[in-house]
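Each of the next two complexes has chain A plus one other chain: chain B in the first, chain C in the second.
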Partner chain A sequence: MLLIVCLGFLLSLAMLFISKIIKGKWAWLTTLIPLSTFLYFCSFLDDIANNQVIKITYNWIPTFKVDLSFMLDGLSLLFVLMISGIGTLVFWYTSSYLKGHEYLDRFYSYLGIFMSAMLGLVLSDNLITMFIFWELTSISSFFLIGFNNESESCRKSALLALGITGVGGLFLLAAAVILGQVTSTYTISEMLTMSNEIVMSSSYVFIVILVFLAAFTKSAQFPFHFWLPGAMQAPTPVSTYLHSATMVKAGIYLILRFSPILGETPLWNTTLITIGAITMLYSAIHMLFRTDLKAILAYSTICALGILTFLTGLGSYEALVAAMVFIVVHALYKASLFLITGIIDHETGTRDITKLSGLKNGLMPIAVVGFIAALISGGVIPTLGFVGKDLIYESTLHFKNNTWLLTGIAITTNVLLFYGGFLVGVKPFLGKKPEALPHLHMPSIRLWLPPMLMVSLGLILGFMPFLLGDSLIMPGAEILSRGESGLHLKLWHGFNNIFWLSTLTIVLGFILYLILKPSDRLKTSADKFEFLSPKSISGYVVTIFKITSKYWTMLFQNGYLRHYVATYVTFIIVLVGYLLLQDPVLRIDYNSLADLTVYEIVIIMIMLLSTLFTVFTPSRLAAVAAMGIIGFAFCLLYLFYSAPDLAMTQFSVDTLTVILFVLVLYRLPKYLKFSKNYLRVEHGILSAIFGGMITFLILKVISEPKNSEVSNFYAENSYVLAKGKNVVNVILVDFRGSDTLIEITVLIVAAIGVFGLLKLRLKARDKK
Partner chain B sequence: MEILLAIMTGVLYAAGTYMILRRSIVKLIIGIILFGNGVNLLIFLLGRITKGNPPIIAPELKHFADIYADPIPQALILTSIVISFGLQAFAIILVKRAYKVLKTDDLDMLNTLDEDS
Partner chain C sequence: MKTLILKTASDILLPVLLLFSVFILLRGHYLPGGGFVGGLIAAIAFVLDAFANGLKNTRKIIKIHPGFLMPLGLLISFSSAVAPVFFYDLPFMTGLWASGHIPVIGKVGSALFFDTGVYFVVVGVSLTIIFTISENA
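Here is the complex of A and B:
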């Protein structure tokens, strides 16, 4: 199973080597990958129908309880078949749709990554691996939306989608970690048995909110829905595959998967119903104001996702069955409508509904397919859409509170969905063909066969819903509803309330279709409220964030060296000063200190004076000379305090530095005061505090007893082990020999640098 | 005596910091040198001072018979002196080069890319 899941990854890897072939006429060969996946998973249909759950675990990081464990039950098989089935059609469709495109190979490798990630996501039994696949789908979606990377709006949409869904994924990770702490496992199937503990635990509220945030961002629920219309910038096969049929349903999958674990609490159900209802109505009404075919489909997709959230929120057995059936219904008709839109766009070069009509001349078979897709979308008998809509009404009618409010919302939404479906699937084909449109001829079979297959499936399943019901939906719903079973999908239930509601929906939808004509006027009037939409508001937040972070950065990173140094010094003063002030008393044992002698005091006075002179002299030569004096004073100090090696080194180095300085000096400009006076005072105070703090630090250290363990080791072993009597030298060349070697290397590098700089001849251009 | 030295270290640190905060590159280098001296003295003091007993074992002995100065700070400072010499030499030459190309000694003028200045 691991191999099958990873086929898509392998495809994208292989694309590196076979891109030449794929860009030619062999592009359709890639279809074999989703097709073989589809066939492989079809072989599990029997097992799943018998209520088996298949689990396969591959060890990955067992220490962290992260395993590649796959679980195949009704729900995941439903998704897997959708992913690979629609994947097959989309791969096939793309081979003609993007024929000869410069980056077709890239496109297929992104699609491959997406397919594998999506399969992994719905099959994962481990929350952490699920999170990884979850983010992989967001990333592949990013690349696919930004596929036309030369268009600015494409790049923006891609970033927006990645921003929303990527951040959403992080919420999933957080939820996984908290769940892992509560249950001490990351395995979803084990959590099923611990539902009570999770619901009773104190972090339950956090878990639910995090899971919701993850699901709502991925599945474009209000107020995070706005990335989805932008995602329609992607080529049509991508919109079909990722942004209507599969990826956006990952959020729904997540809440369905978790409903037996976290569900059946007021928090869970009420939130889902509310958010679902708002999303349904909001996007259904939005749909009325669109004129771009893909935009209409985008909003009706959001609407359908809202319905799914809503149904999951209802939480009853019927509602869960309804949700799963509706997932299939929606995938079938929405994918077909998208593919048809793609064909229209491909043939006429426009997707504007106000400019399209009469396409049946020349595209008759596609008009038929579009009509059937619209029927499925509208839930007209005898399609699978009818079965789906019946189940929706059944579950709202059987809900205990607010029955009529919920049913009313569902009816309104379905009426608008009916309208949307007809708008895309029927309207462009009817009427008289405008002169502006080119002469039409049937496109390649690769383009029209996939939507035809899908709508046929919608029809067949409408007549025989038990095919779908018994093999996939029932076993899945049984697990989700913790063991309830017994419902059988039927097309015809007789003339009951539900039938009349359904008929009412269709009639109202048809009336709406007849009276409401989409126009640009409607669109512009809706645009006036754009500044209030969640998309604009999030835009404002991003702008404010950018401005704030710019100021924040400039506060510390303004590009002036002294500013950085001043910041460091202040930071050190605060940090060390705070520690020192914890115990500000000095306890120095004055008897243990060395005696004061006259010559020492003289040396210190010389050093002090030359330091002050170095700082304040207006002459550079004097400053350098004074610095030299400090160095020589140091030699003497080292001599007094038993460090002859240091004295010698200091002497030679100091001499060399001064000579070097003087040699370079005559080339330099005048020694100027650049800084303003107040800045000098400010820096002076800062430096004085810093120096004072260092003095205090030293005194503090001196008042503590010294630990001589390491020194004693070297002193003891210097002769015994290394046969040297000058301990300092032995440490440098023997005990720490490799350090010294590296030090020499550093010096050599510096010497090469100096040599290079001296010898560098500038080009004429730089000399000016 | 240690107290005097501690004060001296503080003065060197303060002078070094002040010079590093100036705009002239030459002052910056002088600042770094002063600062480096201050650090050396700090390390030296942390090992305490011992007069007249360098860490050298007498020719006829295998171990120290008397007290001796701590060899570790000395080894560290020796390394530090040599390395900072490398740094200083490189910095000085770099300043010379930079001045030759850019005709300025002001750090704030080095903020832009050379093409513009």
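Here is the complex of A and C:
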């Protein structure tokens, strides 16, 4: 299973070598990857239908309880099949949609990473692994949304999406850590049995809030929904994949997965119902004011996600079944509508609903597909959409409190969704074709086959909903509702209340479609309130943040090296000085100290003189040379106190430092007075305090009783354990070898930094 | 700084210093020395040559760009660190030792390879920085 999950990662790796082939005629070959994943997981359908749960664990970091453990139950199989199934169609569609695109290989490799990450997310049984896959989806979607990286708005949208969903991921990590501490496991299936403990624990509120924040940011719930419409900047296949079946459903998956663990408390249910209801209504009403086909779809997606959150919040068995059915319904019609929008855009060059009409002349088959998609979206009998809508009404009607308020909200939203579906799927094809549109001809089969397959599936499942219900939904819902079962999906329930509500919805939706015509006037009237929207408000927050951080940065990072040094030194003085002042008495036994020797005095005199010389000489080179002398004097001190290793290293480092300084300073003008006198005095005082403090610190260290446990350990064991007699070297290459490994890596990074900076500057200069 | 004395001296000094740096590297486990100091000495040797004979000449002697020594060194160090994991199923960085005894070097173990890696990294880093700066400053 690990291999299958990682197929997408492998594809993107392989792109390095096969990009030439992919950019040519063989782009459709990539479809085999999601297709084989789809077929592989289809083979589990039987097991899942028999209520089995398949678990596979690969050890990863057992010390931290982080394993690659995968769990396949009804819920995850439903998602997996959607991800790989719609993935297959999207891969196939892309091979024609982006045919001959310069970066098609790149596109497929992002898509591959994204697919694998999504699969990993819904299969993970370990919270930490899930978090990793969660963030991978955020990162790969960033690249997908910003695929047209030459457009500024595209880059902005991608960054916005990454910002919101990436922060959400951090909340998930926090939730995972707290959950891990409460239950002392990261395995989700083990947490299922500990639901009571978690709900009773004091950190329950935090866990729920963090999980909600993660899910709401990912699934674009109010007030975090605004990244989603922006993400429509992506090429259509990406919008199709991200917004119909995968990325945004990840948040829904999370709350569904956690509802048996954290659910059935007022906090859980009320919050989900409230946020879901606000999101539904808010985005459904927003949809009325849009004229771009993709924007309409974006808002109807947010609306659908709101419905899903709402249903999860209701929490009853029926509601969970309704949620799972609606996930499928939404994936089917939304993906088809997106793909149809892509075809319209491809053929006519516009997505403006006010300019599109009469496309049935020339695109008749696509018009039919669009019509069926609209029927599914509107929940018209006999499609799967009808089954889904029925279940939604059933769950709101059976809810204990505020039954009619919730049902009313559900009806309003569904009326508007009906309208939105017809606007995108039907309206562009009806009426007279304007002169401005080019002559139309049917696109390649690779473009129209995928939406056709999906709407056919929507129809078939509408007639035979038990195909979907018995194999996937029921086993999934049984686990989510802690063992309830017994519902069977049916298309026809007879003439009951729900049927009449459903009919009412369709009639109202149709009336709305007939009387309300989208126009630019509506759009501009809505734009007036733009400054109040969460997007603008978050924009203001970001602006304030930017300005503050700019001033903050300028305060500390003003580009003068001396300023940086002064800042560091001041900081250390304050920090260490504060501690030293707690006990400012030295207790040194002067008798135990050795006498000063002549050569020590000589060396110290040399050092003092060269220090003074460094400070007061008017020549930079002389100052550097004097600093070198101080360094070499230090070497001598090391030698006297029998530290030959240190002496050798200090000597070489000093030599190279002097050479470096000379190389740099050689090119500078002879002497320019940069700093003002008062600044020099200030720095002088600062260094005097710093030097004094360090001296005091060292004397203090001497006066304390010596603890030589560590150095004794090294001295005793360096030969026994590491077969070396030079303790310094043994520490470097053996005892603390990992440190050395990291240090040389840092050194390399620094060298690459210097190299890059100078070479870049050189190139910039050459250009001039 | 093209003086005849320095030029003549550096022609002899370069090989001697390089040999000395290798000597320092090899004895490191038992006597003062090691990869870090050894690498610095080798770097100094090349810098001295660059002063005497010009940077172009030194580059010719090294043949490859010193930057390539950095990944090479890191690879050696890292391989010696992961070798026990792959071949003996021991923890990361466990010291492995050959049984024989070689004059000057003493016992040969993974620590020596680790130190050799450090040596190459240090040479690569110092030379890359110094060469780049002296060319472009």
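We adopt the following convention: the second predicted complex is superposed on the first by the 571 of 768 C-alpha atoms of A that agree within 3 Å, B and C clash if a C-alpha of one lies under 4 Å from a C-alpha of the other, contacts with A are read in each partner's own complex, and residues count from 1 in each chain.
Note that in this section contacts are C-beta pairs under 8 Å (C-beta built on N, C-alpha and C of every residue); 3 or more make two chains touch, one makes a residue touch a chain.
Predicted model, so just to flag it, every value in this text is computed and none were measured.
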Applying the touch criterion given at the start, work out whether A:K759 contacts chain B, chain C, both or neither, answering first, second, both or neither.
-> second
Touched partner set for A:D645, first chain B, second chain C, both or neither | both
Which of the two partners, first being chain B and second being chain C, lies in contact with A:S316: first, second, both, or neither?
-> neither
Once the structures are superposed on A, label A:T129 by its partner contacts, choosing first (chain B), second (chain C), both or neither.
-> neither
In the superposed arrangement, does A:I659 touch chain B (first), chain C (second), both or neither?
-> second
After lining up the shared chain so the two structures overlap, which partner does A:S738 touch, if you call chain B first and chain C second: first, second, both or neither?
-> second
Where does A:S76 make contact in the superposed view: on chain B (first), on chain C (second), on both, or on neither?
-> neither
Who contacts more of chain A, chain B or chain C?
-> B
For A:K723, is the partner it touches chain B (first), chain C (second), both, or none of the two (neither)?
-> second
Determine, under the contact definition given at the top, whether A:V701 touches first (chain B), second (chain C), both, or neither.
-> first
Where on chain A do the contacts from chain B and from chain C line up?
-> 644-645, 649, 653, 656, 660, 664, 667, 725-726, 728, 732, 740, 747, 750-751, 754, 758, 762
Touching residues on chain B, where the partner in the complex is chain A | 1-15, 17-24, 26-28, 30, 33-34, 37-38, 40-42, 44-59, 62-64, 68-72, 74-75, 77-79, 81-83, 85-90, 92-97, 99-101, 103-108, 111, 114
The chain A residues in contact with chain C across the complex are 644-645, 648-649, 652-653, 655-656, 659-660, 663-664, 666-667, 721-726, 728-730, 732-734, 737-738, 740-741, 744-745, 747-748, 750-752, 754-755, 758-759, 761-762
Can you list the chain A residues touching chain B in their complex?
-> 559-562, 565-566, 569, 588, 593-597, 600-601, 604, 607-608, 611-612, 614-615, 620, 623-624, 627, 630-631, 634, 637-638, 640-646, 649-650, 653, 656-657, 660-661, 664, 667-669, 671-672, 674-675, 683-684, 686-688, 690-696, 698-699, 701-702, 706, 708, 710-711, 714-716, 718-720, 725-728, 731-732, 736, 739-740, 743, 746-747, 750-751, 753-754, 757-758, 760, 762, 766
Hey, which residues of chain C end up touching chain A in the complex?
-> 24, 28-37, 40-41, 43-44, 47, 67, 70-71, 73-74, 77-78, 81, 92-93, 95, 97, 107, 109, 111, 114-115, 117-118, 121-122, 124-126, 128-130, 132-137
